[in-house]
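In this document, chain identifiers A, B, C and D correspond to the written order of the chains, with residue numbering beginning at 1 in each.
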Amino acid sequence: MAATAALRPDEAREQMAPAFPPPPVTARPIDRDAWIAAFRHVRGETERRAAPLSAEDQQVQSMADASPTKWHRAHVTWFFEQFLLREHLPGYAIYDERLHYLFNSYYVAAGPRQPRIQRGLITRPTMAEVTAYRAHVDRAVEALLDQASESGLEAVLPILEIGLYHEQQHQELLLTDILHAFAQNPLGPAYDPDWQFPAASAPSGQIRLDRSVAWIGHDDDGFSFDNESPRHEALIPAGRIDKALITNRQWLAFMEDGGYAKAELWLSDGWYAGPGEGWEAPGYWRRDGDGWATMTFGGVRPVDLDAPVTHVSYYEADAYARWAGRFLPTEFEWEVAARNGELPDAFGLVWQWTRSAYLAYPGYRPLPGALGEYNGKFMANQFVLRGSSAATPVGHARIPYRNFFYPHQRWQFTGLRLADAA
Amino acid sequence: MAATAALRPDEAREQMAPAFPPPPVTARPIDRDAWIAAFRHVRGETERRAAPLSAEDQQVQSMADASPTKWHRAHVTWFFEQFLLREHLPGYAIYDERLHYLFNSYYVAAGPRQPRIQRGLITRPTMAEVTAYRAHVDRAVEALLDQASESGLEAVLPILEIGLYHEQQHQELLLTDILHAFAQNPLGPAYDPDWQFPAASAPSGQIRLDRSVAWIGHDDDGFSFDNESPRHEALIPAGRIDKALITNRQWLAFMEDGGYAKAELWLSDGWYAGPGEGWEAPGYWRRDGDGWATMTFGGVRPVDLDAPVTHVSYYEADAYARWAGRFLPTEFEWEVAARNGELPDAFGLVWQWTRSAYLAYPGYRPLPGALGEYNGKFMANQFVLRGSSAATPVGHARIPYRNFFYPHQRWQFTGLRLADAA
Amino acid sequence: MAATAALRPDEAREQMAPAFPPPPVTARPIDRDAWIAAFRHVRGETERRAAPLSAEDQQVQSMADASPTKWHRAHVTWFFEQFLLREHLPGYAIYDERLHYLFNSYYVAAGPRQPRIQRGLITRPTMAEVTAYRAHVDRAVEALLDQASESGLEAVLPILEIGLYHEQQHQELLLTDILHAFAQNPLGPAYDPDWQFPAASAPSGQIRLDRSVAWIGHDDDGFSFDNESPRHEALIPAGRIDKALITNRQWLAFMEDGGYAKAELWLSDGWYAGPGEGWEAPGYWRRDGDGWATMTFGGVRPVDLDAPVTHVSYYEADAYARWAGRFLPTEFEWEVAARNGELPDAFGLVWQWTRSAYLAYPGYRPLPGALGEYNGKFMANQFVLRGSSAATPVGHARIPYRNFFYPHQRWQFTGLRLADAA
Amino acid sequence: MAATAALRPDEAREQMAPAFPPPPVTARPIDRDAWIAAFRHVRGETERRAAPLSAEDQQVQSMADASPTKWHRAHVTWFFEQFLLREHLPGYAIYDERLHYLFNSYYVAAGPRQPRIQRGLITRPTMAEVTAYRAHVDRAVEALLDQASESGLEAVLPILEIGLYHEQQHQELLLTDILHAFAQNPLGPAYDPDWQFPAASAPSGQIRLDRSVAWIGHDDDGFSFDNESPRHEALIPAGRIDKALITNRQWLAFMEDGGYAKAELWLSDGWYAGPGEGWEAPGYWRRDGDGWATMTFGGVRPVDLDAPVTHVSYYEADAYARWAGRFLPTEFEWEVAARNGELPDAFGLVWQWTRSAYLAYPGYRPLPGALGEYNGKFMANQFVLRGSSAATPVGHARIPYRNFFYPHQRWQFTGLRLADAA
């Protein structure tokens, strides 16, 4: 979303000293200013993304998978209050105990919560009241960072850090959720009339992968989510992986060859969830005369044939690969190709489906306590995506990062690249 | 709602010359000022009812049966634009043709429309934009009333009149819908902290009905809906009807006697729709220590034992009557009792369930065109309620008025009075 | 079904002394032989209807509204055991206490029971075991009738009588349920290859009804269900009622005029339940080249244009009447016309939808105890049908008889005749 | 099921020369007699398993995942007719073309078919007619095997072979499906009153797995399904795997420790699908005084504490492993342990859940044509089970065999053994 006016970062500042990511939590001495800058940067980015949205826009929940903008803004704030301030800031007064129920997402260990599908029913606190809640927590977090002893900070920084990455994940959802909401409106409102999808480098050719036993997973002193560990070996068979993402032009060839009408191309579950429910094109596509248009952040626009295809589900990506007589890569193949530094368009355009189910790495243990629910409890029925998308905040993505969605979901910026066996 | 600050009418003005109802459409000469005053009164009342609600409040749709405040405000405006201005104001420019799809409710003959259960997804136009739409239409209607020839007005007034009564119906729904939305919020927001339920006169005794053949239905030169016609004869058996409404105190006795747990008291459909879904008290009631509280316009408050019971469904009213060894009156018995001028608390407290299914009167014909869909197409599976409620606008209710809801619905202010066979 | 080979009664015997209906329960002295004959006749008729069906046929439950043949045969037997033998035959040993749970239908007061939609899952007892259960109960009932004292019989006969009428109702359901099951089978099996729909007399003209106050409801010393009482007065407006039933030929004209495609002809609930679910013709109709065929007891056959239309829901009957610019009669109009002895084709062809909701007659009280659940608890959301059908057992139908179904249901032999206001 | 009287094989004959599995399809010269014996053995086993079931039992479909016995018996017969006889037996007359629609399961390429959830509605053909269909196809297959030229047989044997393994899979389903049906019957019928669950060897200790790169998948000249190929390398981390299956006694300890009540032990999807739907014990368990009973082929019996736990879903197995602080093995770890010849109780008791999602092996290609739908199109949302169960036919299971079910399913004989990281 770098090109979005509303979200355009302070480019001059960023060029001098990017505020995010912050230093490793283990770096000593602790650079308080850098952490405060990172905190302000992330908190500010959320508000920049929400800024073009009216109170009504921020209220709506357009499906069970999505959440209101207002809820995102409050939930990430609750996260800091619940896991950071409640325990680590002496004398901190909870802003409003009643918000705890409303803005817990899925942390069972943190207590009962508003049913997910009813998040859109909570009109109060209003948008403005959530802004006040955010300011209250911001002040408290900054005071904590300012005043804590060095040893106090040591305990605090790992929680602060996960809170920042957590908020960034919600920044991406905030955009994809509002796009889904706007797509339900026959008026097709624009989030940013000037918005442009970032240009792909669109290289040709393939990267060769030799048979190897490779190390997979988190391996440096920076941040990682628990699902990227333990680092472990995986056997990579010989093969090749495309440098380019699949484009809308290629996808249209699939459609014109009856791709959505041939059951033999589809997984059985996908056939029922997709074409069986009327799918005949990627998400948000609609017929436009002889061609196709699609809902974008800039409103409804003609499909750009040279852009990477997006808003396709795993089922569609898998059917496309079968139609092409090829394969989706595994998440390990993708990671090895990316580690070798050769994988163009890996980040910033579309998340790339892999044919790897989202499962625990060997010996995986979730974090203790409520934060252990962050990733581990979703390890069934989902597939891994790698890379990042045009909606991912700058500085958030990393090579070993594992994103995951159900195979029918397609409201994220999800696309694909293909691979071949040796 | 007369006691609601936000809705409090200009009492002085009303006492001098109530603006509503307007003169009969057949009165000559036509009193333009009276019609303009009525129009302004009704349009203003909608805005007075919406005034305490934030943009977020006006956005939310808390169930399929309810609509957002913003939608109500726009839909009643569309009604005037579609049925009055489009045809009868020469040179009128439709405000925005795209709103037609969004704010048509159920008039199939008026074209396709936004699916009812997705009304809450339309964040744009915003609350403020709907306000502008209302102002545009208000100006046009007033111009029409101002400028039309006498013969032009003759064609226009019947449509204007139904538009006013239509808007009043939505004024009632606006309040009951937002109460339902607020009831979903664990914070229990108050629409008007000073709100009080109007006091019932709570008389004792019964009205005796002699066997008779009575005239039923609309019978004067004032406004009526088409479902009140044709006026026709009905046989009224001898019987008695209570002067008082059933109170919360009486309802608690039913509950304490196991009323919600004894299948033999319930209609089969009601048993599954009510206790089978966990009902154990009227709508919005919640346990409060040893007693009960309920959601009101003033927020969550202890149940007032002396007030009429409300938010009960037909199934509950019917079970209560069976438990009491008595009957709900028919809509004809109610009408005859009310015509005799003897039925206290008939209006302004709670709609009163009758045991009459909502069906056509003998020889009934709906209005021609789209307005024929107003009432006639709902004549199955619903029951008639008579009277009016605390949320009904002043001047709206009349003796032959037939309200109707499905027997499981209870988000309206619905209560009951009982009757006996002779 | 008189023409069905499998069901063909012993005509000679019947002509001499029809076994059903039995004498009035109040007739003295009690004619034991007549009652035993009636019992044998009814019990035998059930078995004659089941005889063409295999064990597999008798097992299947094709939808929630239908029941397996085997269940019908056992349930009516349980009814005699539960309400007659358990209490009135000293020393009677319950055949198998476990059957009580399986074969109670909906009598809450008689205890818990197998969920209705799971009746088809009970493979044991088998068809043969149900036959043995029937024989056991038959012997016991006959012994009771044989041996009871005169005063004992006085208590027993009213229960026996309702049991016989109850079993006859299930005889009709047995046939309509198996027809529904066979209609799900692409092979379209025939229940009776020689089956013919009884010929209608198809008269022309109308019966004139003068304005009157008429007595409605049960009025002789024969059997009646509790919902036919109390006998009461109703006001009949002047009008006319057709002598003939609507035919398939007439229905085709409605279809060809777009009857299933014009929303303005339909009740709102009907539009969604019918055309909204893909209905384009009566139940069981399927396209057959340029014409239409339909599933019958004789298998799939071309639609007989001169036969009365059947398998139409209330929603369809109502839409047809609106299309024709006419009305369905009320149940009272139907009853008055039939009492005057002038209503041809009232019985033995198709049940006739009326525009009367199924409600209690004024002052209605259900029977005490479990049998009070027989009719009363269904008095919401259904419409009354009058007459009887080709599947109704001989001797069962009477003029004041009130049948009732939900307005979307159409697996019964349901048709219509029309009426006009004066 | 070896102990089942109805299924007891001819032990003497089997000891001399087991008829199944047949020789490899590549063995030359082709041993016709051995193939005919294998065919008769498998076909006969289906009938032996169906023999204790009445026509009613064979009709019922108790849930969407299950099929009627009659359908199984006919479908496996259709498989031979469709894939073997139709193409390879000159002059073969299809028994009844209409059966094609009824008994195709999910082969889209083989044409449209009876909706899965409506298999239980097909009462005709009857059980006896299916027996005749089986006999017709048996004769034709045997004639083909008898008369075909050597080169003809070469084309035929691979199809025959997959048909035999296919029928064996349905033999297992036949039993698990009827157990589910019987479990819905409050009478708890016994399939075989003398049935006993096979005794587990219940060894103690663990098998050590060293870090290795192991060959995985089909590797001999015997039969395999396409999903066991290609044979490929996998990296096996160092670890340990239990020799024993988890027992009911161990499972009770999990239950008594609140295993079904602690959300932190469960995958999120599992928490909603399992405890969220009321699960509090394995499938078919019911409280029995202070203890537990369970539905078995011998009827309802007390839970045998020393037997392996069965009828647990993946979600339950996964929660148990988390509770125990241990892991389910991967399918590769299981296969390596079994190949080393050290894995007791691997076969014949319960299928063992692994933590491997059911996915394609690297380079996997399904068979061409309709048979390519056999396995490949189910490669999403399911987990792999290894081994075999008490319901698996003798001779069917092999080490590389991959069974797969959805993680919520538990009507198969599914249990678990645990593993540890090194």
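Keep this in mind: contacts are C-beta pairs under 8 Å (C-beta built on N, C-alpha and C of every residue); 3 or more make two chains touch, one makes a residue touch a chain.
In UniProt terms the chains read A, B, C, D = Ergothioneine biosynthesis protein EgtB.
Computed from a predicted structure; not experimentally measured.
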item	value
Contact-graph separation of subunit B and subunit D, given in steps at minimum	2
Inter-chain centre distance, subunit B versus subunit C - centres from mean C-alpha coordinates, in Å	39
Whole-Å separation of chain centres (CA-atom averages), subunit A against subunit B	46
Centroid spacing, where centroids are CA-atom means, of subunit A and subunit C in whole angstrom	60
Subunit C, residues touching no fewer than two other chains	none
Chain-level touch network, classified as line, ring, star, complete or other	ring
Subunit B contact footprint on subunit A (complex, rising order)	54-60, 62, 70, 98, 101-102, 114, 118, 120-127, 181-182, 184-187, 189
Subunit C to subunit B touching residues, read off their complex	106, 108-109, 213, 232-235, 237, 263-264, 266-271, 314-315, 318, 330, 355-357, 359-360, 362-363, 372-373, 377-381, 383, 407, 421
